[in-house]
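First up is the structure itself, then whatever we jot down about it.
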Amino acid sequence: MSARADRTAASLPRRGDYPYALPIQTRWMDNDAHGHVNNVEYYSFFDTVVTAWLIQEAGLDVRAADVLGLCVDSRCTFHASLTFPETVEARLRVGRLGRTSVRYEIALFSADGDEPAATGAFVHVYVDRVGRRPTPIPPDLRRALEALDAARPT
Amino acid sequence: MSARADRTAASLPRRGDYPYALPIQTRWMDNDAHGHVNNVEYYSFFDTVVTAWLIQEAGLDVRAADVLGLCVDSRCTFHASLTFPETVEARLRVGRLGRTSVRYEIALFSADGDEPAATGAFVHVYVDRVGRRPTPIPPDLRRALEALDAARPT
Amino acid sequence: MSARADRTAASLPRRGDYPYALPIQTRWMDNDAHGHVNNVEYYSFFDTVVTAWLIQEAGLDVRAADVLGLCVDSRCTFHASLTFPETVEARLRVGRLGRTSVRYEIALFSADGDEPAATGAFVHVYVDRVGRRPTPIPPDLRRALEALDAARPT
Amino acid sequence: MSARADRTAASLPRRGDYPYALPIQTRWMDNDAHGHVNNVEYYSFFDTVVTAWLIQEAGLDVRAADVLGLCVDSRCTFHASLTFPETVEARLRVGRLGRTSVRYEIALFSADGDEPAATGAFVHVYVDRVGRRPTPIPPDLRRALEALDAARPT
């Protein structure tokens, strides 16, 4: 489970700061012995919103494409608890877009309220599927990432 | 799945840098569609080694104690892939011990080799179980944390 | 992952045979190394639709009620694969309502098509929370179960 | 979580009835809000002992072989609870060996005691990887299954 971290809510991002949203139904077994969604599951929500965007919005064939995004770094700051049976809204934006890597920023929201229960990041490095050496992000995916980034409020 | 991050192996910590070790059998479903343990499961190994130490070494009754450790921050850097059916060795040390919080540092190792597949951190803030306000780490737990920290090579 | 079992689709139940429905967003890590939702996750969908119904429809306080439903038996027959990022519809009906136990019947559906990807059952025995001895299903819950059963087409 | 089912312990199988054993470290998040390993995770232990045996004992390359075992049916009867941080022993035997399918029987044991916490079954149908049509179990795997079956006490 997780707790409100020691920072003021005023400084936290809002839903509108993240252009893409995916609702995720929590599962009974997400709750741990403390009665709230276990901290590990937050990363499952991160992983899911990133990959759903890649498949559904960017059109990446994650199972057959020549390239593969490997997670090299992720992190999460927990601000409030989530509890089954609520539906969590996972929201996504581009943090930094490099030549071979992209940093996604994610926030998780409860159904009510505009403050995130968690904020975090997830870095993908693109490699070729066979040799697993870093490789440039393919042009189609780069365009989709640029569009996602452009949809972010300024 | 995960990739070797862009850093030299020479700078990575070794098994001996972490005094406590827990072997964790991987599960078939840990492997994701890319054929390696999914990045989310690495946090499950973090969460498990921390809580196993708390129960088995520090004697904390995680279900009934007056205080509760809430995860407020975690992070992981992925250096190499892990694959079912290997047994992962999760190793633990104290990173920073504060008045109401403790930062654990964790490394995950494959059966062979002395370089970690992942390194990361996990911060617990202690709160009272009912009001969930930050509270000092209980004396018994503090002593156990100090002993774990003292067991770290200098 | 799972396969079409050796039975004719004609004999399989349809959506309308199960009065209660819960959409569940699949997660990237549900997919196993074969590229489809792992068989274990089907039981997570079973567990989730039962508990969501208990909390949201029957009004049971699953964390504080004097009684507790313990799973003593479950089973699943797999008819077709499910794949991230699809949303699964889990549907529920009462199979058999006894004095201290209830057998739920569940079917999982893909977004398209009226044939279930899986059908199965889940048996709860009610016990008192402290002594864990079988105890009659509480009257309020029994009424909710009877109403769910009555909503099933005849 | 799970409960002792309504059957006498005398009728339950013992460790020695299952020739193959795999110890599986429980994980903190296996525990659900009732404080015991969630019923769904029992199937993860089933899935894991079957696949570990296939890879480590039968030498099947589960990711590249021409054939694939698809789970078409599984079931579990829960006799007693399991709780983190205990190590579960998953034990395996052959139930029925057919031309294109095999039924495994599994029992889960706590570290202490000789009565299973759960017993169940898991049916694999073999299909060719591409067309996914039932296909005979390959000769090498059949021999390994026959040897596992022969190792069962009579």
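Going in written order, the chains are labelled A, B, C and D, and every chain counts its residues from 1.
Keep in mind that, in the parts below, contacts are C-beta pairs under 8 Å (C-beta built on N, C-alpha and C of every residue); 3 or more make two chains touch, one makes a residue touch a chain.
Everything numeric here is computed off the predicted structure, so don't read it as measured data.
Enquirer: Could you quickly compare C-D and B-D and let me know which has more C-beta contacts?
Expert: Of the two interfaces, C-D and B-D, more C-beta pairs touch across C-D.
Enquirer: Farthest chain from chain C, comparing Cα centres?
Expert: The most distant chain relative to chain C turns out to be B.
Enquirer: Where the CA atoms of chain A average out and where those of chain D average out, how many Å apart are those spots?
Expert: 34
Enquirer: Need the CA-centroid distance for the pair chain C / chain D, whole Å please.
Expert: From the centre of chain C to the centre of chain D is 22 Å.
Enquirer: Using CA atom averages as chain centres, what separation in Å is found between chain B and chain D?
Expert: About 29 Å separates the centre of chain B from that of chain D.
Enquirer: Going by the touch rule set out above, which residues of chain B reach two or more other chains?
Expert: 28-29, 33-35, 38, 40, 44, 47, 63, 84
Enquirer: Taking the touch rule as given, give the residues of chain A at its contact with chain D in the complex, in rising order.
Expert: 28-29, 31-35, 38, 40-41, 84
Enquirer: Which part of chain C faces chain D closely enough to touch in the complex?
Expert: 1-6, 33-34, 38-40, 43-44, 47, 62-63, 68, 70-78, 125, 127, 132
Enquirer: Going by the contact rule set out above, which residues of chain B touch chain D in the complex?
Expert: It is residues 22-25, 27-29, 35, 44-45, 47-48, 50-52, 55-56, 63, 84-85 of chain B that touch chain D.
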